[in-house]
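Please find the structures below.
First chain A sits with chain B, and in the next complex the same chain sits with chain C.
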Partner chain A sequence: MTKYILKRILYLFITLFIVATITFFLMKLLPGTPFSNQNRLAPEQLALVKKQYGLDQPIWIQYLKYLDSLLHGNLGTSFQFNNEPVTELITSRLAPSMQIGAQAMILGTILGILLGAVSAFKKDTWVDTTATFFSILGLSIPSFVLAIVLQFYLALKWGIFPVALWKNFQSSILPTLALAALPLGNIARFMRTEMVDVLSSDYIELAKAKGNSSWQVVAKHALRNSLIPIITIIGPMAVGIMTGSMVVENIFSIPGIGDQFVSSIITNDYPTIMGLTIFYSFLLIIIYLVVDILYGIVDPRIRLGNGGKE
Partner chain B sequence: MENLPNISKDKLKLVTKTNDQDKEKLDTPSLTYMQDVRRRLFSNKVSMVTLTILVIIILISILAPLIAPHDPNAQQVTYANLPPKLAQLNIPGFNGFQNQNGHMVDAYKQLNVPKGQYYILGTDYLGRDLLSRIIYGTRLSLFVAFVATLVDLIIGVPYGIISGWRGGRVDAFMQRFIEIISSVPNLIVVILMISVLQPGITSIILAIAVTEWVTMARLVRAQTFQLKEQEYILAARTLGESSFKIAMKHLIPNLSSTIIIQTMFTIPTAIFFEAFLSYIGIGVPAPNASLGTLLSNGQLSFRFLPYQMWAPAIILSIIMICTNLLGDGLRDAFDPQSDH
Partner chain C sequence: MDKILEVNDLEVNFNTYNGTVHAIRGVSFDLNAGETLAIVGESGSGKSITVRSIMQLLASNSDITNGSIKYHGDDLLKKSDKEMDKIRGNKISMIFQDPMTSLDPTMTIGKQVAEPLRIHKNISKKAALKRAEEVLNLVGIPNAKGRLNDYPHQFSGGQRQRIVIAIAIVDYPEILIADEPTTALDVTVQAQIIDLLKELQEKIGTSIIFITHDLGVVAGIADRVAVMYAGRLVEYGNVDDIFYNPQHPYTWGLLDSMPTLDVDENQHLNSIPGTPPNLLNPPKGDAFAPRNKYALEIDLEEQPPFFKVSKNHYAATWLLHPDAPKVTPPASVQRRFDEYKKLGETNNG
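== the complex of A and B ==
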């Protein structure tokens, strides 16, 4: 297990290195520079500005410098916000994103498990049909459409929640709801399949034969065993939430990294785009790694050591 | 012999060969795999309903130039922001009335629109007919999704087959490559590619295809691994068939169910990405409409003109729900044992 984890961590660094390289060269290919509309700059001044950002050197030197500063956790300085370091930009905007992301994950998981369990337990009844319908809705409706609809009804029309504000817990409810729909749908479907499988297994029959009530069986045996595979979809879920958060944060004016990423794209702020890309990838790889390790711990039948061969 | 009851001869019947064969015959004709799949799909009510809805939507978008009542990009600023109105029928929400300072006002009368003229879904801030824009927008969104899925097939299927077929070092290398690509969230790759390629329909299609083929390649590879151990593949190899021919004649037909099902799930993802990109403003360039741009325009003014947001939101959601449900139905039809 230790060897496996070490190997994965090595892969993590290789992957990050490649991601950083690709992003760097993609950014160099980008048309336009952040100084392109400053016509008033004299050529000498332009050269001076370029020198300040190190843009006058050959690309490979820029690349090496970039890698070197990456190793020191320095993601460069933003073109957009008065030379604010990108690392600082990200850390200062991380909290809101993490908060709504985590809330959405927790809410979606709990509701999804409940919905999936109920629908498996009441398989082929109207309860199952209704629950399945809701999980399909959650999966299908894009988070930004849901965000707009929630904003329209719950905030604008009925005034229960603030429209677009980032202040307290109350202002985080609507974005959380909008982001929770996707994990909810995913988990409910996954859970139903697992639970239907488990409910037809021998040990459930035994538990029933011993005279346990159906609900006891579900709560004590079926639920616990169906929960294990849920861990595997945490990774894809995290991606879904990250993607969704970019627009949802924008809709609800939340000062998070998703909103920052979108606005950096529009303003050609390369260092921020690169920094956030690397940051997102790093987060994702870590989540996948933790999930794999967790899975090995929770379910000893899975032996990660044998190279993960299919 | 004397104990035998006396049976009259006419009660006995000569059993002929033909009689025998009749018994062996099955009452129902035997079905091929594809016939079986089709029967299962057609007997699934949900799949049939979603299929019908999707076919209608696809037909409308193909026939857009014939169906759309107006030119989707024609501006008529004097008729800007008209609410929906359907003929002279007085249906609430479709009667041309609008809430202005708490009073319901006939917006058509205010702007002196000729009596016979109406816009079923209203007009936008430039006086463009929303219904026509939605029809054309759906057309564009579906076009992007279908072409992206096609490109995704063209990259993903051969990649998966080669990786699975060759195995060994080639496979290991190809798999590492996939691992790296999939460790960056797809959307980020899409956004980066679009920034490099300049916003436009071609870049959106390319960007979506470049990220989405990974799942397809993985599934195809896993399946190829199983298939290549089969006897008929071994037989074909022994007979000296070339790898390319084996792939075309044996692998692809047997991979078809995996490919079709995965394609069905790529389409909604592609529609989502297109809408997402257009929504944040790096997708389909103006003045053309796609569901994403319509949604983002609608959101800007939905406080006062909510109808501009509803129509694209509903159509987008319907397409997403139907494609997802049809994907489920197809999976059940192709592989009845799997319960997802």
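== the complex of A and C ==
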């Protein structure tokens, strides 16, 4: 297992290197320069600024220099945002995005699994129909629509939660709810299908024949076996939620990272684009690594390194 | 002998989109302490449904419309789910057909074998695992101690069936129901599993209800045999009665279609012509009559009652009525009686 994880970490660095390279050259293909809007600069001043940032050198030298600083853990300084170091920029803006992303994933996953399990357990009853209705609702309403509806009723009309801005835990609740609907609906649908399947399998019948009560059968045998395919969809979904929360962040005026990504691309802020891309790739790879490890924990048949023979 | 289980006039229906399937149409039998009762019949005759009724493990669209299943005089059909949970896996346990799918793929076999003890006995995890190890040794899993933490996929089909048997006997049940436990296994492993069941029966003194469609297996394990057809018993008796003195034409057909070692290679294996009746609309008379060349007119009109052949041996065919014409089993079946006798002697010796 340790060997496997070490191997995966080595792959992580190779992937990051490739991502950095491709992004670097793609970025240089963007029209304009970071200073194309600075009309008031005289040509001499512009040349001076370019020289200061090393933008006057050939692209491949810029590339090698960037790689060199990357190896030293330095992501450079932003051209915008008051010349702040990119590392600081990301970390200061990261917290809100990660917090609502993670909260939404955890809430959506847990509720989704519960809703799906109850739905399967009470298959073809009104409980099932109600649960199915809500999960399809969660699946089909876009998060920004839900965000506005939540904002209008829970914040503006009834004043239970703050309307917007990022102050305390209360301000994270509405964006979390808005983002959680999609994973909740998705996971509930998958969970129901899978659990219905599992509940009709032979080992569930054997579990009943052992004298387990219905809920013991679900808790001890059905749940774990139904989770295996759920883990597959949780990975990509988590990435989607963490990176795609931009619109919701905007609606609630949360100083998140998504907003910053867009503005850095518009202004050709090279170091910030690079830094954020590399960071997102890193996040993605880590999430997939965690998913693969989770797989092994839940399903012994694909556990690594025990020579599992079929 | 002590009767520990009495099934009386059991009727089970299934509600389907096409209508009501009358799967079990009045089945009665009993089980004595320490004996092995084999229930034989073709697919769809209702063998599995009968034993699943005993365990109360029927599908949700089923409906037990009549009858009683008395375990030590207590009607299991009147018990609540909670009361049944205390009996399942404890007093009555079951071995399933397909060992490849009967075990939970995500749980270690030690835990799975120990599970009935953890449910029914107030016993520590450690003690339960210790007991699981003993039982796994008993059913012949090599190095059981070292394999408690292994998962089902790490065992072969035959070993998995041994594990399923270990789960069934870990709590020393009074009744062990084996639902075609050897069907999914190859012939040599089949023989090992049958021997194992016989050996375990001697050791723990459990009664066995053995379901199969393979008469060869029956000869090796059963004390008594019940032959089932289209949701009813057609004949039951001691194993010798069924093999050497069968009375129902369906039993003759079953015996006749069993391959033997000295069949001429040019000879066709006999089969019973036709197909079983559709139990959406069960026939009025003897369900086997349309496939039966010895059928009398009354067979199509009226259900035959059980006629007593000898002590413990009964058959439901109008051919046993005093007024019926005398019919003897076909020559090909009679020829087999001697072969079975030889076979039986080798099996028991």
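Please note the rule applied: the second predicted complex is superposed on the first by the 282 of 310 C-alpha atoms of A that agree within 3 Å, B and C clash if a C-alpha of one lies under 4 Å from a C-alpha of the other, contacts with A are read in each partner's own complex, and residues count from 1 in each chain.
In this text, a contact is a pair of C-beta atoms (placed from the backbone, for glycine too) under 8 Å apart; a residue touches a chain by one contact, two chains touch by 3 or more.
Predicted model, so just to flag it, every value in this text is computed and none were measured.
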Between chain B and chain C, which makes contact with more of the residues in chain A?
B
Just to be sure I read the superposition right, which of the two partners does A:L29 touch: chain B = first, chain C = second, or both, or neither?
first
If you stack the two complexes on chain A, which partner ends up touching A:I141: first (chain B), second (chain C), both, or neither?
first
Which of the two partners, first being chain B and second being chain C, lies in contact with A:V239: first, second, both, or neither?
first
Looking at the overlay, what does A:R93 touch: chain B (first), chain C (second), both, or neither?
neither
Chain A positions touched by chain B in one structure and by chain C in the second
310
Quick check on the complex: what are the chain A residues that touch chain C?
201-203, 205-214, 216, 220-221, 224-225, 228, 298-301, 308-310
Chain A partner contacts - residues on chain B that touch it in the complex:
179-180, 183-188, 191-193, 195-196, 198, 222, 225, 268, 272, 275-276, 279-282, 295, 299, 302-303, 306, 309, 313, 316-317, 320-321, 323-325, 339-340
Quick one: in the complex, what on chain A touches chain B?
11, 15, 18-19, 23, 26, 29-31, 136-137, 139-142, 144-145, 148-149, 152, 156, 189, 192-193, 196-197, 239, 242-243, 246-247, 250-251, 261-262, 265-266, 268, 273, 277, 280-281, 284-285, 288, 310
Report the residues of chain C in contact with chain A in the complex, numbered from low to high.
55, 57, 81-82, 85-90, 93-94, 96, 98, 101-107, 115-116, 119-120, 151, 153-154, 164, 167
